[in-house]
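Beneath this line is the structure, given in C-alpha cells, with notes to follow.
Think of it as A, B, C, D and E in the order they're written, each chain with its own count starting at 1.
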Amino acid sequence: MTAFFALIKRDIRIALRQLSDTLIVIVFFVISASLFPFGVGAEPNLLARMAPGVLWVTALLSAMLSFDRLFQNDFEDGTLELLVIAPQPLWLSALAKIAAHWITTGFPVLLVAPLIGIMLNLKPEGLAVLLAAMALGTSIISLIGALGAALTLGSRRSGVLLSLLILPLAVPVLIFGSGAVEASIGGYPVSQQLLMLSGLLLACLVLCPWGCAAALRIANE
Amino acid sequence: MLQKYANPKRFLTLANSVLPWTTCATVILIVAGLYFAFAASPPDYQQGQTVRIMYVHVPSAWMAMFAYAFIVVASAVGLIWKHPVAHVGALAAAPIGACFTLICLATGSLWGKPMWGTWWVWDARLTSVLILFFLYLGFIALANAFDDSSRGEKASAILALIGGINLPIIKFSVDWWNTLHQPASVSKIDMPSIHSSMLTPLLLMGIGFTALFVTLVIIRVRAELASRRINALRAAKIHAEVAGG
Amino acid sequence: MDVFSGEELTCIRSDRIVFAGFNFSVKAGDALVLSGPNGSGKSSLLRLMAGISRPAAGQITWRGKSITEDPERFFSDMHYVGHRDAVKQALSVRENLIFHSALRSVTSNIDNALDLTGLAALADVPARMLSAGQTRRLALARMLSSPAPLWLLDEPTVALDTVSVERLRAAIASHRKGGGIVIASTNVPLNIEDGVSVDISTFARENATLWSNGIADELGTEKRI
Amino acid sequence: MTAFFALIKRDIRIALRQLSDTLIVIVFFVISASLFPFGVGAEPNLLARMAPGVLWVTALLSAMLSFDRLFQNDFEDGTLELLVIAPQPLWLSALAKIAAHWITTGFPVLLVAPLIGIMLNLKPEGLAVLLAAMALGTSIISLIGALGAALTLGSRRSGVLLSLLILPLAVPVLIFGSGAVEASIGGYPVSQQLLMLSGLLLACLVLCPWGCAAALRIANE
Amino acid sequence: MDVFSGEELTCIRSDRIVFAGFNFSVKAGDALVLSGPNGSGKSSLLRLMAGISRPAAGQITWRGKSITEDPERFFSDMHYVGHRDAVKQALSVRENLIFHSALRSVTSNIDNALDLTGLAALADVPARMLSAGQTRRLALARMLSSPAPLWLLDEPTVALDTVSVERLRAAIASHRKGGGIVIASTNVPLNIEDGVSVDISTFARENATLWSNGIADELGTEKRI
C-alpha cells in the first residue's frame, strides 16, 4: 500500500507543479457553462430548465480534456514500464493514478459545480442532490476515462479517439445524473437515480482498473 | 479443439469447405423469408402494412446483438488463449455488426414515424442500441489506430469485453424500464406469443441473416489473413536485407 | 544451480520473428553481455527477461519457477534500466528516487545511491535541469538505491562520462561479489571481468514471419503463439 | 515557401495517416453534441433554442482536445529545435502548423456543423450564417489555441498564467459566433457580428504567429 | 582565415554560470572535439553555437558576420544533431527525411543518405519500429541528406553499433576533405584524425552564480545577460 499512496502523492505533486493541466479543466468548465446564457438568452426559466443538463454535459466534456495526459507522460518517459514490473499488482497502480486524477480534476469540478448551478438559476433545492450525484458521477467518469486513456495509449490521434470511446460509455452517468437533479427540483424522490449511479460506480470500480491494467500491459509489450 | 482451428492454415482449410454451404443457405433462407414476409403473411390488424418492416427490423436487431456477442467471445478467446485468428475474426465481424445495427436503427425509426408519431425518442432500448452503434465505431477505430496491428486488436478486445455489459442492458431494458418500445414476444424464454404466419418469415429471416453473417465473416477473415501474409513477407524481406547489408 | 535461465525463447515484433531458439542460463555472480548490431534484438530480449513483454514461445525461469507464475516475487528481485530513463522532469532528483523506492517493498538507501553516482550535490535540483549524462546517472541511481539480486541493463553506459563508467563498473563488480547477477546489452566494449558475451544476431531467422510459410505450425500449438 | 507547405503537408499526413482518424473528429463532434438531448431531455423547442450555444461549445471543445499536442510532440522529440534553426522565419513555421491544425480539425468541424444543427432542430434560416461564422470562428480558435499551446510549452512558470489568460480570449468568439446564428434565426441583421469576428481573425492572424514564435524560441533556450 | 569562431562565450543555465570566457576558432577542414564530464556544458555550448540559445556574454561569428545578424544564412550553412533525434514515429524513415530536407533550400539526396547510414532497406518502415541505434542513424541521415559546411554533433555515436560508427567516421573524413567543419561533443574516444580536443570543464567557474559575488557586475552591463 505504500506504493499506492506514493503514486497518488507523486501525481498530485506533479499536477500542482504543472498547474496548467489542472486549471484548464475548471476554467473550461466555467467558461463553457457560462456561455449558455449568451447562446440561449438570459431567460431565467429557460435557463433553470436547462441547468442540470448543461452542468452535466459541460462537466463531462471538460473532464475529457484531462484524460489525454493521464498515462501519456508515464508511457513516453518509461515510468509505465517500471509500473508494469513493480512488485505490486498493476491494477492497484492504475487505481492510484485514477484516484489522483479524480483529486486533481473531479474534485475541483465538484467544488465549482454549485456556483455554476446558481449562475444558471438552478433551484436551490437541487444543489444538495447535485453535489451527491456529481460526487458519484465524476468518480465514474474518472474511471471510464482512465480506461479509455489506457486503451488509446500509443495510438495516433489518441485525444479524439479517446472521446469516441468514453462518451458513449458515459451516457448512463449523464442520464441518471441529470435525472436525479431534475427529480429533486420537481420534488420527486431521487433515491432510484442515486442508487443506479452507485451501482455504476461499483461496476466501474471492479472493471476499469482491471481493464486499465490489461491495456497498459499490452501498450508496453 | 479450439486450439486446432486457431492456426491460420487449419482455419483456412475448414473455412473453405464451409463457405459454399453457408452461401447457399443465405440465399435460400432470405429469398424464402422475403416471400413469406411480403406475399404469404397477413397485414397486422393494428399496424397494417407497416408491420412488414418488422421482418427486417427484428432480425437485424438480433444480429446487431449477436454480432457483438460474437466479438466479445472472440476477443476473450484471443486475449486468454492468444489465438491470432480469434482477433482477426472479431475485427472481421465488427463492420458487419455495425451495418446490422445501422439497419436496425434506420428501420426502427422508419417504423417509429407511423407508430409513435416521431422518428426518435430517447427511450432506454433505443438509446442503448445507439450506444451499441457507437461501441462498434469505437471498436473499429481503436483497432485501426495503431501501427502495430497486434496492439490494436488486443486493445479493442479489452474494449469489447467491457462494452459487453451493454448487451444485457439492451435485451432487458424494455422489462426494466417502462418504455414505448415493444417488449420481447418472439424471443421469450417460454413460448412465443405471436402468430405462426408472422413467426415463420421472422425465423426464416433470422436464420438467413445469421448465415449471411457467417459467410461475410469467413470471406473477410480470409482476405485479412492473405493481406497479413503479404505484409509479413514484405517485412521479412526488408529485415533480411537489413541484416545482410 | 542455475538461478536465472531461459529456454528456446522466440521474439516476435510486428509479425516478424526477431530471434528464435535463444537459450541462456546464469548463476549467482555471473555476468552476461548481449551484443549485436543495431536492431538485432538486444532491447527486445531484455524486455522479455524483465517480464515487460512475453515471449512468443519458450519460457523464462527465476529460481526454479517460471517468471509468469509468481511475477510479484520475480519483480521484487529484479531491477531493469531501459533505454528510457523514467525520470520525471518536474520532480527533483531526490523526489524521483523517493518515488521509485516507494514502489518497492524493501528499504532503500537513497543517499548512498546519490553518492555512488555522484549526484549528491544535485539532489534538490529539478530533473528538468540535468544534462543527458546526469539524467542517465539518475536512472542508475534508482537501481542502486534498493538491493535486488538481478540487474537487467540496456546500454547502461550511454551518455556517461569516463568517471561515471568507472563507477558503474565498480558497482557491477561489487554487486557480483555479493552474489548478484548482471545482464547488460551494449554497443561499446563494456570490459566486464569474465562476463560471458553473446551475439544475439546469430539467433536471427531470415525471412521468418508469423503469418508466412507456416511458422505458426512450426512453433507448434502447445507453445503459445 | 516550400518549407511552409512541407510543414503543412507533414502535419496533415501525420494526422491523416489513416482514414479512420479523420472520421473520428467528426464522430466526436456528433457524439458530444448529441449528449445534450440526453442531459436536457428531447423537447424539440428547447433543443432548438439551445442549438447555437451547443454547436459553438462542442466545436470549441473538439478543437481544444487537440491543442496540447500541437507543439508538444515536436518539442519533445527535438523537431522544434530544428524549426528554430531552420533557414526560414519561425513565425512562418508556426503559421504553417496552425494552418495544418485548422485543416485537420477546424475544417471537418465546419463540414458537419450544419448536420448537427439539423439534428438539434436548428432552424434552416440559420445554417448559412452558421457556416460563415464557424469558418471565421474555428480559424480564430486555432490561432488562439496555438498561442496557448506555445506558451505552456517548457517555460512552466509564466506559461500557466498566460494560457489561463488566453482561454478567456476565446469567449468573444463564442459570444459573437452564437450571437450571429441567433440573430439570423430571429431575422435580425448579422453583419455586425460577422464583422467583429473578421476583425478578431485579422488581429489574431497578426499577433498569434508572432507570439507563438517568441514563445517557441523561449521554450527552446 | 577563421570561418567559425566564438569570443569570450559565457553560458548561464538557471542562474548558474556553466562556463565563462570560452574562445574557439576553426577553419575549413578543421575538426573540434568537445570533451568533459557530464554536466560540464558540452551540449549547452553546441546549442549556443547552433543559435538555438543565446550566450549570456560574448559572440559567435560565421564567415565574418555575427550569427545573430543574418541568422537565415547561418542556419542554411549548418547542420545540428542534438541529443534528441527529431524523428516522427508515425512517419516512415523516408518521409522523415523528405520533411527535413524540405525545410532547407538546397537540393538534397535522400537515397545517398540512406545508403551511407545503412537504412536503405528500412526506408518505408514507420520510425516507431526502429531500434534505438536505427533511430540515431536516421538522425544522422538527416544531416547527410543535404550539404552544409558546418556540422554540429552532440554525442553522435550514442547507441550506434561498431559498423555504424565506422561509417560515421568515414562520412566525417570526407566532409572535412571537402572543406567542411565538424564540431562534436563526445564522452567516448572519437578518434577523429588530427581533430583538436577541448575539455570544456576547464572553463567552469566553481561556485559562480549569476547573483552571487558580483558576477553580474563583472560581466558588465554592456554585454547582454
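FYI, a contact is a pair of C-beta atoms (placed from the backbone, for glycine too) under 8 Å apart; a residue touches a chain by one contact, two chains touch by 3 or more.
Keep in mind that what you see is a predicted model, and the values were worked out from it rather than measured.
**Q** Tell me, which chains sit next to both chain A and chain C?
**A** B
**Q** Per the contact rule at the top, check every chain pair and give me the one with the most C-beta pairs in contact.
**A** Max contact pairs: A-D.
**Q** CA centre of chain A versus CA centre of chain E: separation in Å?
**A** Spacing between the chain centres: roughly 45 Å.
**Q** What whole-Å value do you get for the distance between chain C and chain E if each is reduced to the mean of its CA atoms?
**A** Chain centroid spacing, chain C to chain E, equals 31 Å.
**Q** Where the CA atoms of chain B average out and where those of chain E average out, how many Å apart are those spots?
**A** 57
**Q** Please tell me the distance, in whole Å, between the geometric centres of chain A and chain D computed from their C-alpha atoms.
**A** The mean C-alpha positions of chain A and chain D differ by 23 Å.
**Q** Give the residues of chain C touching no fewer than two other chains, as numbers and ranges.
**A** Each of 14, 39, 83, 90 in chain C touches at least two other chains.
**Q** Using the touch definition from the top, which residues of chain B touch two or more other chains?
**A** 127, 134, 137, 141, 145, 147-148, 235, 239, 242
**Q** Which chain A residues sit where two or more other chains touch them?
**A** 17-18, 76, 156-157, 161, 164, 167-168, 171, 175, 221
**Q** Under the touch definition given earlier, write down the residues of chain C that touch chain B in their complex.
**A** That would be residues 14-16, 39-40, 201, 204, 206-212, 214, 216-217, 221, 224-225 of chain C.
**Q** Flag every residue of chain B that touches chain A in the complex, lowest number first.
**A** 79, 127, 131, 134-135, 137-138, 141-142, 145-147, 151-152, 154-156, 158-159, 161-163, 165
**Q** Can you list the chain A residues touching chain C in their complex?
**A** Within the complex, chain A contacts chain C at residues 2-3, 5-7, 10, 13-14, 17-18, 73, 76-79, 81-89, 220-221.
**Q** Which residues of chain A touch chain B in the complex?
**A** For chain A paired with chain B, touching residues are 147, 151-152, 154-158, 161, 164-165, 167-169, 171, 175, 203, 207-208, 211, 214-215, 218-219, 221.
**Q** In the complex, go through chain A and note every residue touching chain D.
**A** 17-21, 23-24, 27-28, 31-32, 35-36, 38-41, 46, 49-50, 52-54, 56-58, 60-62, 64-65, 68-69, 76, 156-157, 159-161, 163-164, 167-168, 171, 174-175, 178, 182
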